[in-house]
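Pasting a structure here, questions to come.
Per-chain residue numbering starts at 1, and chain names A, B, C and D are given in the order in which the chains are listed.
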Amino acid sequence: MSKDVKIDIQHITRVEGHGNIKIDVQSGELKECKLEIVEAPRFFEAMLKNRHYDESALITSRICGICSVGHVLGSLTASEDAFGIKISEQEKNLRCLMNIGEHYESHVLHIYFLAVPDFAGAKSVLPLVNTHKDVVVRALKLKKLGHEIGNMIGGRLIHPTAMRVKAMTKIPTPEILHDIIHRLEEAKTELKKDIGILKTFIIPNFERETEYISLYKYGEYAFLEGNIYSSDIGETSYKNYLDITNEYLVDHSTAKRAKHNRKSYMVGALARFNNNHQWLSEDAKTIAADLGLKAPCYNPYMITIAQFVELFHLADEGIKAAQSLLDNGVELENRKFTIKPGRGIGAVEVPRGILFHDYVYNDQGYIQKANCIIPTGQNLQNIEDDFRALVPTILDKSKEDISLMLEMLVRAYDPCISCSAHILNVEFE
Amino acid sequence: MSKPKVAFFDFASCEGCQLCVLDLHPEQLLDLLNVIDIVEFREAISEKADTFDIAIIEGSITRESDIPRLQKIRDKAKILIALGACAHIGGINALKNFQTKDEYQEAVYPTAPQKYETSHARAISEVVQVDAFIPGCPIDTNEFIKVVKNLVLGKKPGLPDYPVCMECKKNENVCVYELGMQCLGPVIRAGCDARCPSNGGYCFGCRGLITEPNLHSQKDIIQKYNLTYEKMMDKFKLFLERNKEVFPK
Amino acid sequence: MSLNSSLKIDKKILLENLEKTIQKYDLIALKKKGENYLYDYIQKSKEIIFKYHPTVLSPKKFFFPKEEVLFEYTADGEVTPKSETKPTILFGIRPCDVNGIHILNEAFAESKGDPNYLAKKENSLVIGLDCEKLCDENAFCYRVKSQNSTKGADLFLHDLGLEFALTIITDKGKKFAQEYLQSSPGSEQALTKYQAAKKKSFSLVAPFRDLDKLPEIFSKNQNHVIWKEKGSKCLSCGSCIMVCPTCYCFDVADEFALNLQKGERLRRWDACMLSSFAEVAGGENFRDKAENRLKHRLNRKFNYLMKKHGQAVCVGCGRCVRACLADINPKLIVKVLTGEQE
Amino acid sequence: MCKELKLKNKDENLYIPEKARIVEIKTFTEKEKFFKLELVSQKSLGHVPGQFVQLSILGIGEAPISISSPPSSDHFFDLCVRAVGNVTNKLHTLKVGDEIFIRGPFGHGFDDQILAKMQGKHLLFIAGGIGYVPLRSLINKVLKSPQKYQKISILYGCKTPKERMYQDELTKIKAMGSNIEFLETVDHADTDWTGNQGVITTLIPKVKFDPAKTIAVIVGPPIMYKFVLISLMEKDIPKKNIYMSLERRMKCGVGKCGHCQMDGVYVCQEGPVFNYEDVYQKEEVL
């Protein structure tokens, strides 16, 4: 089969940030295949220089609106690592709730607003307001739940105001905690209503095995602490994250890319699922089985399903955290500590995958050097490699269909290009 | 009343403000769609629009190549709204302007500093005429609704032009100066319901200065509480680099 | 009513009785929230704090809320007034604030009367609680003679240790006391003793010199340098107004719901210290300088409205002193104008 | 025992407006339109010259607007509105038959006492721009029986000829009678303008009056008062013979919201019409 296909998609829609896809097939041979990031670089690591520890989370949360809590968590963890601060159980539970808030907002947005229209054959969620009003209303409510948990616990979800090094500056009342438990239970019931719809999705039958990298803590479906786990080589200390990420630049993208054992690796919900599925909550396991998601899963289009499964696990985790806060009582914690000069690293899972913040502080608590590595940057090469594997198998389709499948693939990764592009690398000796 | 066509565009930003726009109750979204026609919103819909009445712009201008794109949008729009701190006052992006271009490029892409086009970060009003703005980093969803509604009704946007302190007092907070922190609230535009001070933080100025800030008095406060002037100016750097009253060039 | 028909009530019984009223009334009293003291709704009487800690906002927020709906309407022009009220008890209101309520009562009752305020007021009962000594160094109730104010309350209590002396101020208070508070005749002596002690603790402080002549003094000093001096420090933040128990300026706004089918006309607290307060169409601003706004605010307290109410309209609670980051203090300004030394 | 606080008349909610319908619209200038309104209740407004109403458009807001027609027993009344902001711009988009809302009449206008004082005197009306609107109510009232006054002089100044209002009516007034005098001027003339040019104070020397027997009524923008008052003082008109109507920001119109207060005075209640003698010593009058 010899065919010429040239695809140039400017500004892929329904992703965060700006990305273009360029494919050039001549006589059946793939000449060019690129995911371009055309986002303006924002130079966050440069901006962090000489800023006080109290501001590092404030600044880095602005890297990305949708992973804002994730950046805060990564940033606080890095600062705490540098200063040798151990956070309390209470703080862990509160952060867990913030993390759940963010995942609800982000996963729901991705599943319902960005991915569902593809499967429903709609251009966007707006036409669905007329055809599937109940689903849209449910989606908005679930997304709003994420925002509201963020508001109640952290002052607000996007760029939270109450999250600080060592401890929150705000504590929830028992009424709020009861409310959160109640609403997370409700959320599970609501989500179950859409299992049927998800089952009708015809998910492209495309598989490509790759290296799956995620946070790892034995016995936990890890989000907030742990080491790094690679499906190829196993566990590595979070301190050695640079050995994993190996960032490099390519010409056509302002976002840095990463490679480890192979040419590329995958992070995000599917990587987490593949590496940590045994620690999902029982409910989440049942849902996964019901939706045909089995580890290891090599189909990137299934990321959306993995996210859906995570929503159940997270609801269960949130209920546990809130209950523990209720059982043990919540008190405003003392936020005093001594500043220690040195380096600290934070590794956390955000909706799109593992994220690293790495700071060097001076003895006054001002940042001397910073490095932030964002999930999408890590996924970019993997997406391109998926393209390379996918395109030759679908050349018989129309150009429109090919474009749509490629766009859907990019969207499946839920790329938050906006943040990936702003991230830079400062070499550490 | 015919529904105005509204298009969203973004430049250098975290897109958090657009996410706040989507943070609506279901009824609110349905009501909003009855009042305006969203014809372009890259984060949520695939459609692209050639014509629109209201352009809502998120993000700051950080590349010369952004300018023609923004100008084109300006030419087409009857009303152009700056959404969020990045677009309104340059936002956090302008923090890099305190360094030279070489410095920040070197710091981020040490192996290839000149690789990507960049220049100093600017508010969009430095490039095109802005008819209304929705301040904050991120914006307040209710304020967004209010401004859009007012424009549809032919009213002025109706943003407050008094300091955050007023809302902070309404929330019965103990002033953070009393707690040993410093706060830019006395000169920053209210409308956020004093979110940061009300949640254990302090105001760092994301909504920009009020029209008649008393910066002299702000400096006196700093002295009274034994805080340093340098530290205060350092706080202003986070969001107010573009402001000539604070940082005369 | 004079204080001689003394009644008393046991503290424990009082608390029990108050708790019983919660079924029928919203009970408001001083309580602690986090590190902060404020007047707020009470569920259990043990939440009530008896020792006074200055609050940021005064109890006026319950009669004249930060924001309230004046009426609702539909797009077809159907207008429905709205002044929802619930039976409410404000418990433990201090003399300065009691006096503040009295001033607001007069202001809102004037001419035709403000329906929203009056409805809330009518449906509520104010139980005052005396202060034996000055609450902090910023308060200056004694300077405007409001440390003994009872006008504005329906009942008034004096803490005698294990029991309270109870004074009946209004008929409404009397009815309430009969129905809910099992008071018994008290010894006049105990109350007299209390009052003597209070008098003693306040004996070192005195009212403003020429308190009654302040309106004239203010009128004469409209060009005094103090206005410029202090005004130049003012941040025009309005904090002083928010916290003031006797400020009642408001802004009115129309808000349509997003569906543009129905809407509300609201009023919100406004502040004459804000720069645009007196601005009219065409951009003319009749009080465009902070010094003029400050002068206006204090003239309202000690001149314009003082003439109308027959007493200083500043009750000396000290809230604006605590709230003002620019250290603008009415007490000191009055002293400069009267030429008084500390 | 202290009195309890009670709302005197529960039905009397001073914030609730009543419906009025637009029955006629005339466009005067680019910014000013004339509106004839009727109360839907068919009641008479019952105002005196110089009073104002609070005009509201639901969802938009409320604005104080002077009543431009003389008192009458029917249910019609006139307003003339300059489009400057939310309410006034919206009002300009409305059509005949549309309904708006009204509260009032409010304020202290030219009451019987003032009118009695005017009898037999030389009335000197000085209006700047839209200031003619509140004056028109009084002018039309006195013109119903011009013989009661020694003389009536109307001085009217606008920025440009295009901004002149009520032209038909003013032409008629001009021709009315020997004791009626009408003078106008514009700040900036255009090519067609043949009349006076200059600020309104340039008209004052053109009028002959006996200061002791003259009553001046001034309405205009804030800056105008300052200069007109200087001229009148120079001509020795006693302060008590000068009336003026002041504009202030108003939110409630009933002496509560505090916006219109100047010195101790609530303009919405004691004004907007003031005798100069009563206010000249007050703060912030001009």
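Everything that follows uses one rule, which is that contacts are C-beta pairs under 8 Å (C-beta built on N, C-alpha and C of every residue); 3 or more make two chains touch, one makes a residue touch a chain.
Just so we're clear, the structure is a prediction, and the values are computed from it rather than from any experiment.
Averaging the CA coordinates per chain and comparing them to the mean over all protein CA atoms picks out B as nearest.
By number of C-beta pairs in contact, A-B leads over the other of A-B and B-C.
Centre-to-centre separation of subunit A and subunit B, using mean CA positions: 25 Å.
In whole angstrom, the spacing between the mean C-alpha positions of subunit B and subunit C is 37.
A straight line joining the Cα centres of subunit B and subunit D is 43 Å long. Between the CA-based centres of subunit C and subunit D the separation comes to 38 Å, rounded to the whole angstrom.
Shared interface positions of subunit D, defined as residues touching 2 or more other chains, are 59-61, 85.
Counting partners per residue, subunit A has no residue that reaches two or more other chains.
Residue positions 153 of subunit B are each in touch with at least two other chains.
Within the complex formed with subunit A, the subunit B residues making contact are 10-20, 22-26, 29-30, 33, 38, 42-48, 62-63, 66, 91-93, 95-96, 99, 103-105, 107-112, 115-116, 118, 137-138, 195-196, 198-201, 204, 234, 238. On the side of subunit B, the complex with subunit C involves touching residues 28, 31-32, 34-35, 145-146, 149, 152-153, 158, 161-163, 165-166, 168-170, 172-175, 177, 185-187, 211-212, 214, 216-218, 220-221, 224. The touching residues of subunit D, when paired with subunit B in their complex, are 59-61, 85-86, 89-90, 93. Of all residues in subunit A, those touching subunit B in their complex are 11, 13-18, 39-47, 49, 52, 55, 58-59, 62-66, 68, 105, 109, 113-114, 117, 123-126, 129, 136-137, 140-141, 143-144, 147, 154-156, 158-159, 161-162, 164, 168-170, 249, 254, 418-419, 424-427. Residue ranges of subunit C in contact with subunit B, taken from their complex: 35-36, 38, 55-57, 66, 232-239, 242-243, 253, 255-260, 269, 271, 274-276, 290, 323, 325-327.
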